[in-house]
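By letter and in written order, the chains are A, B, C, D and E; residue numbering begins at 1 in each of them.
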Amino acid sequence: MIVDCALYRAGARIERPQDLSEALDAARARGDTFLWLGLYQPTPEELDLVARELKLHPLAVEDAIKAHQRPKLEQYEDSLFCVVKTLLYRKENTQLETGEVALFLGDGFAVTVRHGEANPLHDVRLRMEQQERDVLRHGPASVLYAVCDAIVDTYGEIVAEIEQDLEELEAAVFAPHRKNQAERIYLLKREVLEFRRAAVPLLSPMRQLAEGHVPGVAKGTRPFFRDVNDHLQRVVEAVESFDRLLGDILSANLAQVSVRQNDDLRKISAWVAIIAVPTMVAGIYGMNFEHMPELKLQYGYPLVLLLMLTVCAALYRWFKRSGWL
Amino acid sequence: MIVDCALYRAGARIERPQDLSEALDAARARGDTFLWLGLYQPTPEELDLVARELKLHPLAVEDAIKAHQRPKLEQYEDSLFCVVKTLLYRKENTQLETGEVALFLGDGFAVTVRHGEANPLHDVRLRMEQQERDVLRHGPASVLYAVCDAIVDTYGEIVAEIEQDLEELEAAVFAPHRKNQAERIYLLKREVLEFRRAAVPLLSPMRQLAEGHVPGVAKGTRPFFRDVNDHLQRVVEAVESFDRLLGDILSANLAQVSVRQNDDLRKISAWVAIIAVPTMVAGIYGMNFEHMPELKLQYGYPLVLLLMLTVCAALYRWFKRSGWL
Amino acid sequence: MIVDCALYRAGARIERPQDLSEALDAARARGDTFLWLGLYQPTPEELDLVARELKLHPLAVEDAIKAHQRPKLEQYEDSLFCVVKTLLYRKENTQLETGEVALFLGDGFAVTVRHGEANPLHDVRLRMEQQERDVLRHGPASVLYAVCDAIVDTYGEIVAEIEQDLEELEAAVFAPHRKNQAERIYLLKREVLEFRRAAVPLLSPMRQLAEGHVPGVAKGTRPFFRDVNDHLQRVVEAVESFDRLLGDILSANLAQVSVRQNDDLRKISAWVAIIAVPTMVAGIYGMNFEHMPELKLQYGYPLVLLLMLTVCAALYRWFKRSGWL
Amino acid sequence: MIVDCALYRAGARIERPQDLSEALDAARARGDTFLWLGLYQPTPEELDLVARELKLHPLAVEDAIKAHQRPKLEQYEDSLFCVVKTLLYRKENTQLETGEVALFLGDGFAVTVRHGEANPLHDVRLRMEQQERDVLRHGPASVLYAVCDAIVDTYGEIVAEIEQDLEELEAAVFAPHRKNQAERIYLLKREVLEFRRAAVPLLSPMRQLAEGHVPGVAKGTRPFFRDVNDHLQRVVEAVESFDRLLGDILSANLAQVSVRQNDDLRKISAWVAIIAVPTMVAGIYGMNFEHMPELKLQYGYPLVLLLMLTVCAALYRWFKRSGWL
Amino acid sequence: MIVDCALYRAGARIERPQDLSEALDAARARGDTFLWLGLYQPTPEELDLVARELKLHPLAVEDAIKAHQRPKLEQYEDSLFCVVKTLLYRKENTQLETGEVALFLGDGFAVTVRHGEANPLHDVRLRMEQQERDVLRHGPASVLYAVCDAIVDTYGEIVAEIEQDLEELEAAVFAPHRKNQAERIYLLKREVLEFRRAAVPLLSPMRQLAEGHVPGVAKGTRPFFRDVNDHLQRVVEAVESFDRLLGDILSANLAQVSVRQNDDLRKISAWVAIIAVPTMVAGIYGMNFEHMPELKLQYGYPLVLLLMLTVCAALYRWFKRSGWL
């Protein structure tokens, strides 16, 4: 589906072209103009049409149709192909949904192909048109910047959400009335690894862009990509430290849970031990010996009851002091 | 065993040659023609025959006869030798069977030597002949591409199967009526390490091919190898994250199992503690003191039974609230 | 908020300029003079004013307003931008507070922008003016050195404090009357990871400065930056070893706690076992058989009591020797 | 002790020289001849004699006398010094014995100095003389190849033996009547680390030889060293994966053992709980109340016995269904 | 404190100079002479005096006064500054004490500054003067070699001692009457990390020296530094493997201890279960039913006692076979 298509000249949107091929020729003739074509989950036919007009490389086009690529930046003879993973964090079930945006940059054009629900690019386009016209002047590479910037920003938001989840987990693990959090910890860790697989392979392309080593990307955009690279590095460092913390919290959870459970078991056993003592005393005075002088005492019964109570109280106090109760 | 042998000219299969040596001379004379010879677990004699005709290096030939090589790409003076591990995943017993394909590429010829059951190359040849003639035009290197592509594709399928196994394992570990899954987790981890040993050493040869640094491989095949390299990298990233997840799930499993077992033990102990109380009371009224006024009461017995029941009920409620039952 | 602003010539403070722009022109004209402007959590307007006078790059200015950057060193055409994290360790709640200092260095000026409570730069300025005039002679880069040196020194102090915390933790974990320290260990580990994220990314900029590879930084300052780099490396090595030790102590804590708890449980169970024996004996002599000769013995009762005592004493001694009590 | 000493010309053994110095001069004069001297745990005096004749570097000689060097390849002005660790695996007590072979290669001579029981070099020499004369043609470097090849082959055999040990361990850990295998696992892991320390440092010298970067080693031997390098890499990969698997199996063993033990404890506790119920019932009917109508029933006693049996059977069934028995 | 000061010419000690400055001039004039000055924990004043005479760099001097530097090798314009950590292992309390030696090397002089108790350099000097005159000929760099060699030798001795400690630990962990060794393991691991921090940063300077890349160090000393580098690498490999083994033994210890404790608990519980059975039987025959025919049997009592014994014996045998006792 073609979402939007427009020509940009010197940072300003000028028109929605009728014919792709003519528009491209016009853009190329002037030099300060480029075409930005936005597609959303296009059918192979739709993309083929565009690819033929813009002479995109067939392997890149194939990658743009099939989602599930890894993040990458590839240079073809006369164009650049870039894949970035988009992420959507569903907090209610600790689920990270991945989509992706594929970009083609070439002489006078930028094509964005989006898969999945995350990161609608319409907002990105609007923000560029309205607030960042200076950036748009840098040509097609500014589209690459805008898209990467928007996606890495959502990475940053997900980092914040996971940070919050992690804090909740910590509170739950160390709460006095704690439950076994192993499942929640594991699920979060799995999503963090998923996050890692989306973010880490993007580091190398982004560094290349930030260092200005990519032909076809205007030198003037370097500081912008450096900015994105910076954010991405912060994201990756955060993800790495989540990974390590979740490993540690899994150990801490095991310690907490087993401590709690042993506490319970110890307390129950201690009560059983306390009750065993009067039971034994009662057993003794239940014996049928003919000569048991205590049995004939007027106050034998209440005295024995008192004895039982005293022993139980003493045991209780002792166990309390030993930390067994 | 010679499986198939054919001459290819400009992407099309032209004939099955009678004589290897003549066919090779003819192929070399024309330049746009090459010979593709496919062997399956050849005897040393069969391979020696071929090696003498094509002047293959003896050490490479030895490696192609003995299976159990590690994946590698070696350059000899006038030929290229490549070993790739093939994998077959038997889900029913979580077993990964490895085989291997050895390839010789030289001026005007490509020889494939397959060991093990996985990845029959006949299908690869058919697909090339029918669907990918454009690729076949690139000469012997296209055979290397076709084989690597097919094998790395099966890697991708195994990744998907292991992913499914892992999800089943997760469900089993966190199920309410769980059993100890340590053995299943360990076995899967062992196979993942086996997978790793097949896939990781292939990264370096594939990157060399993708970057076009290998003499004797036509430059035009670079984008194809880049594609395979890309898939291989995704496979390796998936395998690495399986490795880490399996480590975590082993910990989570231990937590789950020990929690479950302690739950059971605590419940049993709590029941023992509840029963101990009426036993003690019964013991008390079983004592043989002469002066025990309660024993003479008309309703002493039912009252004591009621007392026992009340105490047990109170204990039950208390234990329930404490989370001990 | 502008904290301080002064011109320095040949290592000595000469005046507080009225007008930034004039002062800068004067400084540039002489060559051995530079302006040091210190800001504390400036409003965007304040910083914009300064940025316009000194022609700072807008992206760098944006980074200096928003805190939460990662440590970095960026070269713009005619200026240098550096971000360093400041740390403040609150021992009472094992909390590491992070702030940051952003620095702009250019021809004839140095601007420091501080966020957060840690590391007031006023003291740094005073110390430079009073004790390190020789360093101040090296121009704006000496300000970068002074700030980095002061911040890395506080890193070193925090390392010492964490070392002390770690020793307390060790003492607590291995104390005879120990409690579960998992929470304290985990919290300390989290802060160590936070520390890591502040210190490790600074390694690369500091090495660049120490090796003299940064244009606009006088060669004469190299030994000073080498000194800071050295301290930073020691800090990072210490942090890495804290990280590893905390992982080990988490395991050791689990071992200690579970050993302690099992000790308790075993002792309680042993007491229950001891008491069960006289209870059984009492039960036997409570049986109502008509022919039980012992019951008629004159000293049957005291003999049985003696038997019970003897058996209990023997069991106690046996359990003691087995290490069960 | 001098084990053997011979001159080789064009791949064939020609004579056992009487005088080392003369033989060496003769060998150097012809060019296609070299001397191979084999020593076994020589005394310092023996080695000094040889060293003086062949002008070996004193530091290398010292290293060759003292065993316990790390694997290395050192270039002296006119000679090459190489140390390789030999390994002998004693399966009966999971013990890895290390020895070492030191080699001196120079113009017209090769000296091998063996320490320890493993890898007698006499067989290596015989195999070279009988089967690999083509290799021997390459001069002294062929001795280095032959020794490294033989030693790395024993590495491969030890890998196979450890693989078998590991499978036995896995079977033992996951067997139904399992015992704690922690000690066996740990001991095997220690030997694997020992193996690692012998094999990993050899990687770098072997790669240098395989890439032909070592002066004094004939280019023609490159494919041979590439072969050894290949085997060594497979050994190292296997060792690394043993290391990881042993870590995992240590965790799995802990899980298995603690599960087994908790099973036992739970079953015993469940039986105690079952027995506690008829004991309580008996206690109730052992009370001495005057008015207990059941006591006077004709069939009270058998009815109560029946009640006890029924309750026990019901509990047994319930516990069985709960998985407690 | 100045420990010793002497001039060396062509490997021989010639005199103890009265005046530092004159001696240095004399040494420089001849070329084959150098001054070796040894200091032990000098006061700042003492070192300043020396520094002024020899024109040492103030930052290096500051580092030499304050101990607690990390190992490093720094090149100043006309001198070399090196810091090496010395270690002293106190086996009785598993404590590693660190000191350090700082060295200044320049044209015609070598200054050693020692802190801490370990590695007195007097012995090093004596050994050089008496046994290694050939090495001393190489000028000031020979002092650097001698000091590094002596220190790395003590590293090697500590490796041997830790190896022995580790073996004792292993024996203790796997002994039949084992105690919890977590504390000892942890303490040893902490010292191993301390060792690591002393040894690992020395690798890079030592490799530079071994490769002859350091100006001011005579080429002829390369083999000597290569020897030290070799020993250092062996030390570091040993330390790394201690680190890993200690992690594994911590896990093994947890397994051993928890197995032992569960064994005890299971045995106690089994005894309780056995005793519960005769108690129940006694309870039954203690019931007060009017019609209990067994009670009137002549041999009822001994028969019941026999029954109890038989049941207990049967249970004992069963538990023994199940491995519960």
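Points worth noting:
Criterion: contacts are C-beta pairs under 8 Å (C-beta built on N, C-alpha and C of every residue); 3 or more make two chains touch, one makes a residue touch a chain.
Remember, it's a predicted structure, so these values are computed and weren't measured experimentally.
Listing every chain that touches chain B and chain C alike gives A.
Centre-to-centre, using mean CA coordinates, chain C is 41 Å away from chain D.
Chain centres here are Cα means. That of chain D falls 25 Å from that of chain E.
In chain B, the positions touching at least two other chains are 251, 254, 258, 262, 265, 269, 272, 276, 279, 283, 286-288, 292.
Traced around the ring of touching chains, beginning at chain C and stepping first to chain E, the chains run C, E, D, B, A. Residue ranges on chain C touching chain A, taken from their complex, read 57, 59, 63, 69-70, 72, 74, 76, 180, 182-183, 185-186, 189-190, 193-194, 196-197, 201, 246-247, 250-251, 253-254, 257-258, 261-262, 264-265, 268-269, 271-272, 275-276, 278-279, 282-283, 285-288, 292, 294-301, 304-305, 308. Those residues of chain A lying in contact with chain C across their complex are 170, 174, 223-224, 226-227, 230, 233-234, 237-238, 241, 244-245, 248-249, 251-252, 254-256, 258-259, 262-263, 265-266, 269-270, 272-273, 276-277, 279-280, 283-284, 286-292, 322-324.
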